[in-house]
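Some structures are shown below for you to check.
Here come two complexes built around chain A, the first alongside chain B, the second alongside chain C.
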Partner chain A sequence: MSQNRYVVVPTVTVLAVMKARLVGAVKGHALLKKKADALTVRFRQILKKIVDTKQSMGKTMRESAFALTEAKYAAGEFRHTVFDSVETAQVRVVAQTDNVAGVKIPKFEHIMTGGEGKMGLTGLGKGGQQVQQCRKAFLKSVELLVDLASLQTAFLTLDEAIKTTNRRVNALDNVVRPRLENTISYIKGELDELEREEFFRLKKVQAKKKRDGAIQDAERHAKGVSTTENGAPADMSGTPEDSDIVF
Partner chain B sequence: MYGLESLWFNIKDGYVDAVVRGHRSGLLTSPDYNNLCQCETLEDIKLNLTATDYGPYLANEPSPLHTTTIVDRCTEKLVDDWNKMRTNADEPLGQFLDYCTYGHMIDNVVLIVTGTLHERDVHELLDKCHPLGMFDSIATLAVASNMRELYRLVLVDTPLAPYFSESLSAEDLDEMNIEIMRNTLYKAYLDDFAAFCNKLGGTTAEVMRSLLSFEADRRALNITLNSIGTELTRDDRRKLYSNFGLLYPHGHHELAGAEDFDQIRNAMEKCPPYQALFNKLGYGESQMLDKVLYEEEVRRLTDTFEQQFHYGVFYSYMRLREQEIRNLMWISECVAQDQKTRIMDGIVFLF
Partner chain C sequence: MAAVKSGAPAEGSLLAIIGDEDTVTGFLLAGVGNVDLRKKTNFLIVNEKTAVKKIEDTFKEYTNRDDIAIVLINQFIADMIRHLIANYAKPVPAILEIPSKEHPYDPSKDSILTRVKIMFGGD
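For the complex of A and B:
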């Protein structure tokens, strides 16, 4: 207990500060917990989408590869013709950011630019249709790939964010709060201790006064002087139920 | 049926004719294909091919095999056979054999020219060229920086020079779409080849007329089919059709105006031989058209071996081997990609 607390001077002011901090910590914990939950919900959604996309990815890639085979079968070797008729990229990826519970998540989207260019006539003599089909099949694959990339990045970013948030939640829950509580109880304990010391000290003072009074009385008695008139103060302070004197 | 060529054909061309007929028996047959279709891996395919003519070419290939390796080795076999026959050929057979390879030569020239325009490495481009279409000065094609120079310096020395000068002007060369250029050249080549065969006369002319007109009609059909929905105008389209074939000239007129598959079909069905082909297709499906056309081509090609004393067998041998390589590519791709349900869609049985 003594090591898991803040090193503070146990006073009433510090106690008030610590109590305020404890309230802050509890509130922060609740808020972060809510954020972590929101992130986790989103995380699960993305995970589900990733699984779906990956499954369809396998199918689409296979279809695309086969479309390429079909095109090769019909058109022969057309790779270089396609290579050389490309001028600018037709599919581009733009990056945007999405905001989930204060976490910035990168998001990729594909956009189509320009028309078909010179591609439309590839394989005019033979196999042109197959080449076009192959092109369409691979366009679909590219779209899926972009989606998947977007999801995967979001997944990683969210994973990181969730980890950080959970660490904070746990830190508040398991380190900060116990430490503050310990400090508060320490301060309270110290204050009680001081109180008891004070009480004991006063009692001691009272006892001493009483003893001194008794000695004086005995001396007066010995001199033959009656003490009944002016012995009243000594009598009054001697009453045992007079404990109010502490405050 | 036979002209006087039966008297002297064997004096000059007998040996090469025997060689090509020998090669014909090396082509894969239906049982071979059935065995190949049962294969589970590319290694199995290699194993199956060791018993065929391709055996020595695939024997030293190290293990993980790729479909492209198989195709390359098989092409190598064809090229070796072809070069051997070309070396032993007397004139005019030699010229005929050269004519057969001009199609690949056009592809190679187009490849190098476009590659050069996009500043690609010449050696890389040369690797991609089809070996049958190679000629001595092909590497120098890359020297020229613009089209006019290209023609003046290099193409003039190639067999393709007349096709360029006949059909393309210098302005065309600069701005023409490369696919249109390729098809214009191909059209000029087919016309020239047909004229050459007619000049040879006799059975050769007869056999080749059937083969070439089918080729020309198929090209016309494909060009029409592939240009639907593109910016190619009716007149441009018309210019790419060859000047012979069963469809010439009325069918071409209809094809040029066709806007969808059914219109093409109507135009084609006016020719009795093609009507039979289109009857095999259901309405609205153009998917199987390629295979049907390949099958018809193979049927015509194999028929040429039934005739004696003509050059058509050489052309047929080349086309049949190419079809065989296409089949092998299809089988290996299907096996490699685990798509065995589709395996029958691409195979055209030769015998």
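For the complex of A and C:
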């Protein structure tokens, strides 16, 4: 392709098709642009939240670690009791989906199922209060971490979605639209060219007919035959020997 | 998402933990831990004797299990398998790097946070 256009036959029908496609491309571009904008707005909100939450996570985790140290001091070595009493998870997460401009974003929420299980009994002998406080501190951390995970997932999903949408927007704007426009102008040019050729041809036909008529008139005059002798005027269109002109 | 777990009310997904002893103890105390019938756990305790290979395998296993929605990993352990985490692109399960008791949180190492920083315009 010498020019950036589609290879088409330059006809009026194809021109109409190309025009329809251009309208579609422009509309699609506008819509995708809006989608990209909506996603970016959401993305920026999330970015801010992620940074804030990550920072507060550091603090919460520190508190949890301190609570654990306190519990250890009060209750002695209880980690083996903890490891042994693991059965089924009481803290779980449910995934829901959030919809932003047609992009599905998973969202986590933590849920507590069942009672405290065996964990509630840890440290019953001594240091129970500290152990329970430690438990609470870590529950708080889990809450925060689930929030953070949901933000992070949204971040990754949105990032991907924005990238693809922008790619499409740019493709429409920089590839499809110019190509369609080029094709349309090409077809219009070709059609104009055909029109001019046709006009020129007609003009030629007319000129030749005039010339032929003049020659015939001159011939008749030369023979000395009056035009009125035949009883009919010298009508060029009536002459049977005037055959079609073939170029 | 919710894989059917034996016996337990199969509702919601699990959190998985790869961490040092203290971190894991804390989260287990909070009730995150889960052991299924085949004695498969959703947590790995990493100490100085744990091989990096073992951490890598566990990480791969957790990220491919469909009953796990979030993987918590201590940042210093994440550093050991940084190549895996950097190449990890799936949104679910989400990988969260958390600080541990001995290792304070370093935002500049976090894979996600570095990307966030780039988005913000590298300040």
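What we mean here is this: the second predicted complex is superposed on the first by the 221 of 247 C-alpha atoms of A that agree within 3 Å, B and C clash if a C-alpha of one lies under 4 Å from a C-alpha of the other, contacts with A are read in each partner's own complex, and residues count from 1 in each chain.
Just so it is clear, contacts are C-beta pairs under 8 Å (C-beta built on N, C-alpha and C of every residue); 3 or more make two chains touch, one makes a residue touch a chain.
Just so it is clear, the model here is predicted, and its values are computed rather than measured.
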{"item": "First, second, both or neither for A:L145, with chain B first and chain C second", "value": "second"}
{"item": "Chain B versus chain C, judged by how many residues of chain A each one touches", "value": "C"}
{"item": "Partner chain(s) touched by A:A65 [first = chain B, second = chain C, both, neither]", "value": "both"}
{"item": "Chain B versus chain C as contact partner of A:V176, first or second or both or neither", "value": "neither"}
{"item": "Contacts of A:Y73 with chain B and chain C, given as first, second, both or neither", "value": "first"}
{"item": "First (chain B), second (chain C), both or neither touched by A:L47", "value": "second"}
{"item": "First, second, both or neither for A:V100, with chain B first and chain C second", "value": "neither"}
{"item": "First, second, both or neither for A:Q129, with chain B first and chain C second", "value": "first"}
{"item": "Touched partner set for A:Q90, first chain B, second chain C, both or neither", "value": "second"}
{"item": "Interface residues of chain A shared between complexes with chain B and chain C", "value": "62, 65, 69, 79, 83, 122"}
{"item": "Of all residues in chain A, those that touch chain C in their complex", "value": "43, 47, 50-51, 54-55, 57-58, 61-62, 64-65, 67-69, 79, 82-83, 86-95, 106, 108, 111-114, 116-117, 119, 122, 131, 134-135, 137-139, 141-142, 145-146, 148-150, 152-153, 155-157, 159-160"}
{"item": "Complex contacts: residues of chain C adjacent to chain A", "value": "1-2, 5, 7-9, 11-15, 21-23, 25-35, 41-43, 69-70, 72, 89, 91-92, 94-96, 98-101, 104-105, 107, 110, 112-113, 115-116, 119-120"}
{"item": "Complex contacts: residues of chain B adjacent to chain A", "value": "107, 110-111, 114-115, 117-118, 120, 125, 128, 130, 177-180, 182-183, 186, 218-219, 222-223, 225-227, 229-232, 240, 286, 290, 326, 329-330, 333-334, 337, 339, 342, 346"}
{"item": "Parts of chain A lying in touch with chain B, wherever the complex brings them together", "value": "62, 65-66, 69-70, 72-74, 76-77, 79-81, 83-85, 118, 120-130"}
